[in-house]
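Per-chain numbering from 1; labels A, B, C and D assigned in written order.
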Amino acid sequence: MSRILAITILLILAFFFFSAVKLDYGHMHSALSEYYITHGVAETGALNMVTAIYLNYRVYDTLGEATVFFASALGVFMLLRKGGEGESDA
Amino acid sequence: MAHAPILIIVIPLLAVFLTHLTKYIRLRRGAEIVAVASMLASLILLLSMGSTIISGKAIQYDLGGWPAPIGINLAVDGLSFFFALFVLGIGLLIIVYSLGIYQYARRYYSLLLIALSGILGIILTRDIFNMYVFFEILAVASYVLITYKRKPRAIKASFKYLIMTESAWVLFLLAIAILYGLTGTLNMDSIASQMSMIYQTNPQVVYLVFSMMMIAFGVKCGMFPLHTWIPEAHSQSPTPVSSLLSGLILKVGLYAMLRVFFLFFGATLLWQGAGQLILYLGIITLVLGACLALVQDELKKLLAYSSISQIGFILVAIGLSTQLGLKGGLFHIVNHALIKTALFFCAGIIISQTGFWKISNMKGIWRQMPGVTFAFCILSLAVIGIPPSNGFVSKMFIIQAALTEMNYVAIIFIFAGILLTAAYYFRIIQAFFSPEEFRHKPDFVPQPVGPFEHLSTYVVAFLCLLIGLFPGVVANIMQPALKVLLP
Amino acid sequence: MHRISPIVKIFTRKLFPFILLYGCYLISHGHLTPGGGFQGGVIFGSAIILLGLVEGVKLTENRFKEDFLSLTKNIGMLIFILLGFVGMFLGYSFLSDFLPRGEVGTVPSAGFILFLNLTIGFMVGTGIAVIFYRTVRHEP
Amino acid sequence: MINGISIGIVIVLVGIYGILTRRNIIKMVMSLYIMNSGVILLFVSIGYIVGGQAAIFENSKKLMVDPLPQAVMLTTLVIGLGITALALALAIKIYDEYKTLNTRKLLEK
């Protein structure tokens, strides 16, 4: 695709993005994060709130994402075998 | 069983890692037994919830014990029960089909189970970021499954599929970021409740989020401008994987589109412009898929283009966004998933027996394989929509919906689509039943095709006729699903 | 590729256990200080990659055999899911924290977050090592 | 005005530009990862609170940044890692089979 065409597409996209997204977010807490900060230590016992969230409140996401990593490692393992090593399963 | 919703997803996931460990126990074909057992367990668990869902109540399940907006929660309501039912059914069929082929090792079954648990995870989740994670699981599993036989063209097709899907799904992540910035939560229901208020204050953000999600779901379900990965990915992958792709993965894209658009943008957007947009994109997909299928000579590629045009039918039905239109759309999603899975099974059997990929040198094949060609005819009648089959019922609903909407553009193109579908399927049947003698491939050893392949194909062909004769059974399972979409 | 100088070799062999130690620290203190399962696992993986690059993959192979690494990945994921099931069997909902919360600030203070961190750490570490082995040893 | 969100959007646009114009496979995978990092920067800076401290509790109770986007983006990072590892493995196999990384030549083969 020629560069000029790509740049025009990007300018249109940039116009849409910047006009839509209001850019002054950094002042107030969302209700959810307020809950995490106030009740986080008491409920999960962890000081690091980020670890508390992705290992206790939303641990289901981490289970899903560990499967993604497992599947991609399995994929790389299967793809880059030397020839058909038969079906040796690890 | 209080834990039923999560168990439906986690039992296949557990089976994934058990299949790898069956190497160490002397159970012959242990992986297959574990795979089939896990799917049956999930199916039984889902049916155990059936009675409460049909009566209209939804079952909530909070993961980790945290209530809705704080933790992630799953919900089984009419729509997700309906989709989970036929996804588990077809998943079981795909596993039964691939039981017959011996060179599929443990890793194939574990990847298939990862893909199926990913699909179930998408269907049951109530959290938008969680839906993104499970779509990624499904995507990674399907990239690897496409390249299972390590054919060069399959690797090229998988790479193209990867680049298209991932760059579209970065936009979906962008949409989640903007939604989080506006609403402060990741839970679908709380976002949906604040959506109409956001639409009043800042309609442009809603249009932006809608278009980004449209791109992401468009790639996943093969809508018009984003369908280019489908023919190559379907034709080069192993047969059960191509039926998984066109039977389930395209349908999950449609499920997500239905769920997210009717939940977030239901009241505000769908009845003004967006419904029409989906309608016209559906019409273009319909016509484009049918025309490309007409000129296609490779059997599997033709079936892939036929999938695109049938998705066009469903998009037209969704675009009408009336009670009848959605009923036709949902019905056609189930029918097309069933029919296309069995059509790919037939194509797989024919290709593995004769070694030919192109229709032109499959002439007069009905003398070699009468059973499979007969099943192929029934299924192609079902796709076109000839009365006794189930395709007729769903297409009749779609036509009725278009008529009541007085949408003449849609009606014209629906009929044109049906005629084109009839054209390219009769072309195949005419090639199969042509009088000239079938010439074998010179030095080709046909692979052994066991009873499993034939069994699964005939079961689906019979099921299509059965649903065609008694559509009432599917209709009342669909009733709670429609109540979810159009309250 | 020119030969790797002996200084680098000796340093790597000496440094290797300390990298692993640092990885273990990150994993075990994941819920107290910045860090966690993934970051510690990546450092495990980088330790094995460092050894592979310097010593050559053959030597590293017999220390960390590939089948053993893939097996650890499977076992790690199995433990992850079984931890979820244990929460369910004890009456809480799936993947819930069934262990009592220790005294805040000490290592065993966050219930089953520590075990999850360990499982993810091993999985990510072995996963990256497997990917490294596969890409390095691939000849067309 | 310049803040994390606008720069995140610009990085996503750079990634889209890379995918649209680059013909080399490896560069396409790199621009895919650039898009991923752009979105991660945007999502994390949506949770930023001016003058906020990292979301880890020491003894003093200071104003904290929103921890949810950071936890969610950790998941996206690992997904991006998995996707890029798989894409590069596919690129290696494509180069083995077709001996070229140029998408134009690959289209004909």
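Keep in mind that, in the parts below, contacts are C-beta pairs under 8 Å (C-beta built on N, C-alpha and C of every residue); 3 or more make two chains touch, one makes a residue touch a chain.
Fair warning: this is a prediction, and the values are worked out from it, not measured in the lab.
Interface comparison, C-D against A-B: more C-beta pairs in contact at A-B. The chain with its Cα centroid farthest from the Cα centroid of chain B is C. Between the CA-based centres of chain A and chain B the separation comes to 25 Å, rounded to the whole angstrom. The mean-CA centres of chain A and chain D are about 9 angstrom from one another, to the nearest whole unit.
Averaging C-alpha coordinates per chain places the centre of chain B 37 Å away from that of chain C.
Those residues of chain C in touch with two or more other chains are numbered 33-34, 36, 77, 81, 84, 95, 97, 124, 131, 134-135, 138. Multi-chain contact residues of chain B (touching two or more other chains): 13, 16, 20, 63-64, 129, 133, 136, 140, 143-144, 147, 150, 155, 180-181, 186.
Counting only residues that touch two or more partner chains, chain D has 16, 46, 56, 68, 72, 74-75, 78-79, 82-83, 85-86, 89-90, 92-93. Taken as a graph of touching chains, this assembly is fully connected, with contact between every pair of chains. Of all the residues in chain C, the ones that touch chain B in their complex are 74, 77-78, 81, 84-85, 87-88, 92-97.
Those residues of chain D that touch chain B in the complex are listed here as 12, 15-16, 19, 25, 28-29, 32, 35-36, 38-39, 42-43, 46, 68-69, 72, 75-76, 79, 82-83, 86-87, 90-91, 93-94, 97-98, 106. On the side of chain B, the complex with chain D involves touching residues 129, 133, 136, 140, 143-144, 147, 150, 152, 155-156, 158-159, 162-163, 166-167, 170, 173-174, 176-177, 180-181, 186. The part of chain A that touches chain B in the complex is made up of residues 16-17, 19-22, 25, 30-33, 35-36, 56-61, 63-65, 67-68, 70-72, 74-75, 78-79, 84, 87, 89-90.
Residues 54, 56, 74, 77-78, 85, 88-89, 92, 96 of chain D are the ones touching chain C in the complex.
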